[in-house]
Every structure is written in structure tokens, then in C-alpha cells.
């Protein structure tokens, strides 16, 4: 399963550039986090205040650098929807060359009860939202 | 003198948000730096490789917070053009309410000879560019 | 008035280094913020939950760069204690050469009632703490 | 194979704290990068100017949060030494409770010829340094 969820465009900031004149490796995780935050804020904002979605595992595979002056296109996919967790995939490229993948990322989110802090089943509304907002990539 | 130079829009990133749920104070300097970097890159890119522009003084006056979901509008002005330096002013607001100033900033740049690392007169091409790209605010 | 409050040492992180191979200008504000946060956390932690201390103005004057491998020594001074605000001064150097000032900073904090969000008189306990923890620099 | 290479201690900065009051997930990669940078700078600094070590893959598994006031202990291990690459493992905890692992990380570095930008065999001096500086964990 690999369902397209959403995509965002983020201009590279001068502050993202490191001593090697390209985007520093830790900033790729900011870009992925932003795609996640925007999706959660837009689509899951209401009726899920009792739940938290916590990042437990994340990965980035670097293929080609980003430079100042470029814009990062982040496409987010649902890779797997489990009982109390879901897995996301990220493809990072540019709007000009969306199919030249500069980096590929991964994140695993666990759904937690805000009161007990224990992992619980991803609620139905979220399951439906995740699936409703997806289309075959 | 207060001449408008350029303006940029920067979406607030989730990574800019601090423990008080608003944009952390140090990120305002990223926003101002970005307006500066984009202007320098666009308008001063050629024929000035022998010079460096170094930040020697910067300031931010905070009036009202920025939050996640907002976009920062940064307007940059030339405040003063000296012999070997120039001073810039920044007004930070949002595209929706450009006249409600959330923060006001300042930066003083010194022009340095790339070889000798000594302060030198701002070259004519840069002086003309700074003035040509300005209009009364 | 310029009373010494506290000092901290912060190793420069690789992530602080920018495209010019030295510490990026916005990170100096992290270093100053850290001296402030450690002082507030240590000396003002109790009995002042009803108050917030908000940064309203900050400045940095750059004299000499910091590089990777160095440690930043931040010394914080009370510059002025007003009715609802206080002003702080920062001297940034290194433990090896504490008197060679690489940067000088400034911050103005306003005391705010946590409920009403209005500026109020800095409470007596904080006034005493600020003065008790100071000595002539 | 899992050989201990080095360890560093990094105080959590206020700027590392996110809206959930704990260290934001992307900063863990700063901590790991720092252990890597310090090891490379200290042990591999000379005679390898013709080579670059490039991060191609990195991962972090989050178990328990870090908070402001804590210090992060990063221990770095050599996991595998290949022909043109090597793999590193990271255990993140605190000096007070070194065996309570808060996060576990991974990084794969590729050795590249600085001129041709092509992957080349990790040079003998680096192989010896990596192995000489290791001991069974």
C-alpha cells in the first residue's frame, strides 16, 4: 500500500545551508515534519483532542543535495495503517523536477491516549480521514 | 531616508515554534536574514565577487507573536547608505494584515574586501543597485 | 549599573556553522537566551508562577567570529531594573580568552501578569533575586 | 560487530525544546552528527583531505523524551566497515542513567574522492583509525 496523502512546497532558507554549501542533513526532517504537521492540522484537527500522534521512528535516505535558491517539494504517502500506529513515506524533490528524487524518508507514528499516555487503536475518524485523503500514487 | 528594497513571504515552520507555542525569538533573525539573502542574491550577484557584506549589528523589537499556520511578510528598507556600510530596516507582519507590525528589525552591513578582509567603500555598482531598487516607502 | 548575574559555557555545535564556516548570526541569540533561561530556571523558579518574563527587544553587536571546535562563554549582566521591566547585557567570548569580546548583546524583558497578560511591576522576590545574585562586574 | 568509538555530552538547549516541552525530533540528528563530527575532526583530521565522508542514510528510533535541564550522552559505535562505506550506531541516554536508552540511531557514511566525487575504498589510514579507536562495547 502506498497512498498519496498530501504535498507541500518549502523554499530552502539560508539558515538551512551548512558549511558544505548545501542543506544540512537534519533539516530534511524539518521538511518531512512540516508535511506531517500540515496534514494533521488540516485534516485531523477536530474531534481528536483526546489523542496524540507520537513519532517513534524516522529515517532519511539521501540521494542528491538541495541548494540555496531551490524549493523542496515534499510528497507524503500512507505506507501502512496498523492497529495503534501508521507508517508514512516521503519523497523529496523539486517542483521543476518532481520525479528526480533527492531524498526518501520514513516515519512511524503511534496513537496515544492523551490521558493515560498509552498506545490505543487509531480512532475511526482518523482511519477514515487517512484513507479518504488518499489516492493511489 | 527609508527606501523600500524588497519583500518576502515565509510560512512559519513547525520547527520555528517554541515551548510557548509561538515563534521563538531567534527565528525572527532567520526571517530578516532571508530577505537580505534573497535581495543580495538577486540584485548583487554579479561583478561583486571581490566584496563581502558582513553583518556587524542587528536588532529586533518584538510587538506581537507569530503562530503556526501563519505566513511572515518581511519588508526590507534601506535606512542609510554610508561610505563602507549600509543600514537596513525590517518590518514584519502578515500578508493579511500588512500594517499590523509584529516586529521591527535592524541590521548594519559592512562592505569588506574579500582578499584583505578590510572595510572598503561600498562599490558603485552596489550603491546604484541599492538605490535603483528602492522607492519611497 | 552593570551587575554580573551568571555565566555559561556552550560548545559550538556543528549545526551552528553556516556556509561561511563560522557560527551563523542567529545562533548568538540562542547563546544569550540560554544564559537567560538557566538563570531564570535556577534562581526564579519558585513563587513566580503568576508572572511571565517576555523578551521585547534584543540586539547583538558582532566583533569577531566563533568557529567549530570553540566554546562560547556567555556572561550576563543586569544593566537596568525598571518598574515593570529589566535590561540585560551579554558579553560573548571564550573561556581561554575571556577578555577578547567576540560579541556584545542586549535584551529587555517585560514582566507580565500570566492571567491578564498586562505589564506589571517586577515582584519583590524577583527584584531581590536579581540584585542578590549580582556583584559589581 | 559493534565497536565503541567515542562519546560526547551535550546539554539540551532551550532552543531544542518544541511546543510539546521536550526536545524536538530533528534535534536528535544534531546530537548524533556532533558525535560524528567530533570523532572525524579529532581522529581523522590529517592526511585525508582528498576524501569526503558523506551521509547517505540515517535513522532514529525514539523511546523516551529529553527535557530542558538534561544533558544528552551520545555513544557512537562502528557497526560495519565495508569497502567504500561504514555504518555507525548511536545510543542516546543521560550521564546519570547511561543504560536507560532514550533513543537509538543509525548512520551510513560513504567515502568519496574529493576530486571525482565518486565512491572509493575507505583509505587504509581511516580503516586503521576506525579500528584502533574501537573497543568491544
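In order of appearance the chains are A, B, C and D, and numbering begins at 1 in each one.
Note that a residue touches a chain if its C-beta (ideal position, glycine included) is under 8 Å from a C-beta of that chain, and two chains touch if they have at least 3 such contacts.
Computed from a prediction, not measured in an experiment: that's the story for all the values here.
Across B-C and A-B, the chain pair carrying more C-beta contacts is B-C.
The greatest centre-to-centre distance from subunit A, using averaged C-alpha positions, is reached by C. Spacing of subunit A relative to subunit B, judged by their CA centroids, is 31 angstrom. Computed from the mean C-alpha positions, the centre of subunit B lies at a distance of 35 Å from the centre of subunit D. Once the centre of each chain is set as its mean CA position, subunit B and subunit C turn out to be 24 Å apart.
Among the residues of subunit A, those touching two or more other chains are numbered 14-15, 26, 30, 33, 68. In the complex of the two chains, the subunit D residues touching subunit B come out as 14-15, 17-19, 21, 24, 26, 68.
By the touch criterion stated above, subunit D contacts subunit C in their complex at residues 10-11, 13-15, 30, 33-34, 37, 41, 68-69. Subunit C makes touch with subunit B in their complex at residues 25-27, 29-30, 33, 54-63.
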